[in-house]
Amino acid sequence: MNMLINVPETVVADALRGMAAAHPELSVDVENRVIVRRDAPVAGKVALVSGGGSGHEPLHGGFVGRGMLSAACPGEVFTSPVPDQMVRAAAAVDSGEGVLFVVKNYTGDVLNFDMAAELAEDEGVRVAKVLVNDDVAVSDSTFTAGRRGTGATLFVEKLAGAAADEGAPLERVEAVARQVCGSARSFGVALSACSTPAKGGPTFDLPAGQLELGVGIHGEPGRERRAMMTSREIADYAVDAVLEDLRPDLPVIALVNGAGATPLLELYGFNAEVQRVLTERGVPVARTLVGNYVTSLDMAGCSVTLCQVDEELLRLWDAPVNTAALRWGC
Amino acid sequence: MNMLINVPETVVADALRGMAAAHPELSVDVENRVIVRRDAPVAGKVALVSGGGSGHEPLHGGFVGRGMLSAACPGEVFTSPVPDQMVRAAAAVDSGEGVLFVVKNYTGDVLNFDMAAELAEDEGVRVAKVLVNDDVAVSDSTFTAGRRGTGATLFVEKLAGAAADEGAPLERVEAVARQVCGSARSFGVALSACSTPAKGGPTFDLPAGQLELGVGIHGEPGRERRAMMTSREIADYAVDAVLEDLRPDLPVIALVNGAGATPLLELYGFNAEVQRVLTERGVPVARTLVGNYVTSLDMAGCSVTLCQVDEELLRLWDAPVNTAALRWGC
Amino acid sequence: MLDAEFFRRWMAGAAAAVDREADRLTELDSAIGDADHGSNLRRGFAAVQDTLEKEAPQTPGAVLTLAGRQLISTVGGASGPLYGTLLRRTGKALGDSPSVDREQLAAALKAGTEAVSRLGGAAAGDKTMLDALLPAADALGESFDAAARAADAGALATVPLLARKGRASYLGERSIGHQDPGATSSALLFSALAEAAE
Amino acid sequence: MLDAEFFRRWMAGAAAAVDREADRLTELDSAIGDADHGSNLRRGFAAVQDTLEKEAPQTPGAVLTLAGRQLISTVGGASGPLYGTLLRRTGKALGDSPSVDREQLAAALKAGTEAVSRLGGAAAGDKTMLDALLPAADALGESFDAAARAADAGALATVPLLARKGRASYLGERSIGHQDPGATSSALLFSALAEAAE
């Protein structure tokens, strides 16, 4: 596995330096690993802070900017960040209106964000937290760490970020985030394993000609392994897996997401099949986003996230956003 | 090589259907393979038409919209489109002010666009053509097909597109395009081969632990093959290869482009090294764009394009653009 | 004398040969190009068959002109415009007489190959389809079989050449030792012509 | 009696053991987790060494509290907050006396492991570090060696268990048959403690 890196130890710091150079509109603290919008704190507005292990770019750093995150805290590759990062981020972005922590449901992320919330509150920042756990591949049981946080994170950050941008108070921003968490579900498929720099090779074995149905964004095991399927069959499986859990009585926004190494050409073709299934199942689609947004390093594969939206959420979706990876309306 | 497709024969048509579903702001003619901005023809404005083999997405379809292309013509994977597509596109977008064809320098593209230009002119459309040939890995000799067109295409489409959006006449839009062709150079590196659906596997052999320096966007051979290098070494090699050909006395815009399967995390890290070399060589960088813009299906690797800009070109770069893959200022 | 029916038979034979040999053509193109020559021509000649059946042109010139236009409209790549131009210009040179003889066809094909050379800027020895087309058009003055043999020999003779045009030229010295896919498909075209004449 | 110097020796021994065994820990984490436990703890305990040398805390409680804080600040993942909490809470329970005895340490470690259990919501038998920590803290009432042996045995006993917490829980039945990486690093911690006491 050839990687475009220097040494595994500096991968995250190198990326942050490269991000700083490419995005003067961001203030990137390479040493302390915090990416903050340059105009923070924005007076009178609630701030959003997220973070997690690196390797899922553009999540989260690519979503920092007007109408989405105020700051992001990248951890080591596939390792959740430490509380110091979130505390520092919260202090940098809090305008006095409070901070919402957007946390993906992994033990490490939960524990570190919990600690950070306590510490930040000690420093006088009002903190609310929302837990994203949208991956229907995992049965949500008290006997496991629970459903994983994946593609719905983009929706939480966009929609709650839009509410904050409009000046909604912390309680309302948190309520929007919770509504989105309840309305969005995802299912992912791996056509190849991904390789972390530290390991220097694939983190799991996927025999040639097989795919993993229900894979997690760190290559966690899914529901089953099968012989390779067509785009059509994968769309049927993935969309039905989501709809089994989420029975929308309103239109959905569809995120057809690439895992990192699947060509955009294939991803658009897959979107055609996703739209077909949704039409067949009678689910109206209000908006569609196709691209590599929540990735797993060099994994080939895709995921489908559906987010049920009422008129208010749809309005928040269309609201201006100005980040490195998602930008419209401004 | 697992691919997210149905059958190789329908890959392009499937992608176009998926694109149509995701982008209501585009008018996608799936049967005739033309992607047109929905508001075309735009009265009083010169139109830009480009196209080429598929497999380089978001190029060109992702660059259709205000401030960039008026239409794009996707061919089969890695096969240039046929003249009928460009003729149809030209007819759809011409407001009477004329059409600029942006053509990458490959024999197939050149011949098909030439024929299309003749046919379109027969139908009364004023056509100008610009040939993009920026790949410094190939020596530009009359004994070969000449330098290949790669990353500079994005600059030609953006900058000439901005001039057209401002209402510049065809001669001026063409002049901007030519200036950009003269001011932009690229160098690409493959860390893995790419696989076309038709072939079902890698189109060239790259032994593990080796990289191809100077690779083309269809996996064409480059200058040499070496044992795997660090991000730092690759940046030195690539930037120096470009600067050997282009000796800027003005600032440059840097495009640090991913070949498709290289994680964004690595690409940002590579950008840090590119910026370092440029600083060491005394080249001021006015703007930087990092991402997967001119891809080669599932190839791992990267390319560097430098485009020397005067104040006018820089202004055109910053001008509003509203396409699927590039969007700012509007 | 060769009538429209003869030319339709030729095109049908060419389509069958290209379909049969598509994988070999793609394999050759994989070595020094981008692995699409077989699928490109298969798509094009299948479309030629369709359109000839539908429009049933009534003169030799009309058959080749229509076939050429159809190749241009469906193949893409380098070979689409080049083969399309070959057939279109050959067809135009044949005029609109209801039948032609072998000498007339030979002369028309020379006009066609010249148009290919002008369009692509290639000459004999550049390791392209012209290395089969040029000697074949010459030998057609002699006989159909001589033309087919000359095309075959020309294709084979591309092996030691260094490519100077098209995608293979990027390989430089590394293009040596491989047979040119376009010259190979040109040889198929002339074999089909000889078969049509049998 | 165990003074600050003893606790610094313990931490130095733990850092050396984690560094030595990092690859094995990562290998174990690769089987049922995400292949980072070794590099996580190596990064963390190296930072602990640095900070203990720089700040030279003068009581057992201060050594452990500082070490715990440093783990929290540098490890990340699940194990960072958990090990950090273990040492911090143990340190706090030790108070600020300049030296403590083994029984006091055992009691403090019980408070620490309880805090770990509360924080992560895991209990004995869930196939986590607690399966080594809980029996070890118990056995420390007896002797340092007994604690080290109990931690080792606890780590080994995680092999047949089904993971119910952390990343390994996604594997369900497939987590059975693998030793838990966190329980394995906990055993290293107690071996280092026994060595410090020799």
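We call the chains A, B, C and D, going by the order they appear; numbering starts again at 1 in every chain.
Quick note on the criterion: a contact is a pair of C-beta atoms (placed from the backbone, for glycine too) under 8 Å apart; a residue touches a chain by one contact, two chains touch by 3 or more.
All of these numbers come straight from a predicted model, not from anything done at the bench.
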- [ ] Using mean C-alpha positions as chain centres, tell me how far subunit A is from subunit C in Å, no decimals.
- [x] 54
Task: Inter-chain centre distance, subunit C versus subunit D - centres from mean C-alpha coordinates, in Å - done: 76
- [ ] Please report how many Å separate the Cα centroid of subunit B from that of subunit C, as a whole number.
- [x] 31
- [ ] Pull out every residue in subunit C that's touching 2 or more other chains.
- [x] none
Task: Contacts with 2+ other chains: residues of subunit A - done: 77
TODO: Answer with line, ring, star, complete or other to describe the graph linking chains that touch.
DONE: line
TODO: Using the contact rule from the top, write out all pairs of chains that touch.
DONE: A-B, A-D, B-C
- [ ] Within their complex, state which residues of subunit B touch subunit C.
- [x] 53, 75-84, 106-108, 111-112, 114-115, 138, 143-145, 148, 196, 198-199, 203, 216, 218-221
TODO: Using the touch rule from the top, collect the residues of subunit B that touch subunit A in their complex.
DONE: 2-7, 10-12, 14-19, 21-22, 54-55, 57-58, 62, 77, 191-192, 208-211, 228, 230-232, 234, 256, 260-275, 285, 288-290, 292, 295, 297-298, 300-302, 327-328
Open item on the list: Could you list, by residue number, the parts of subunit D that touch subunit A in their complex?
Closed with: 26, 30, 34-36, 39-40, 43, 72-82, 119-120, 164-167, 169-172, 174
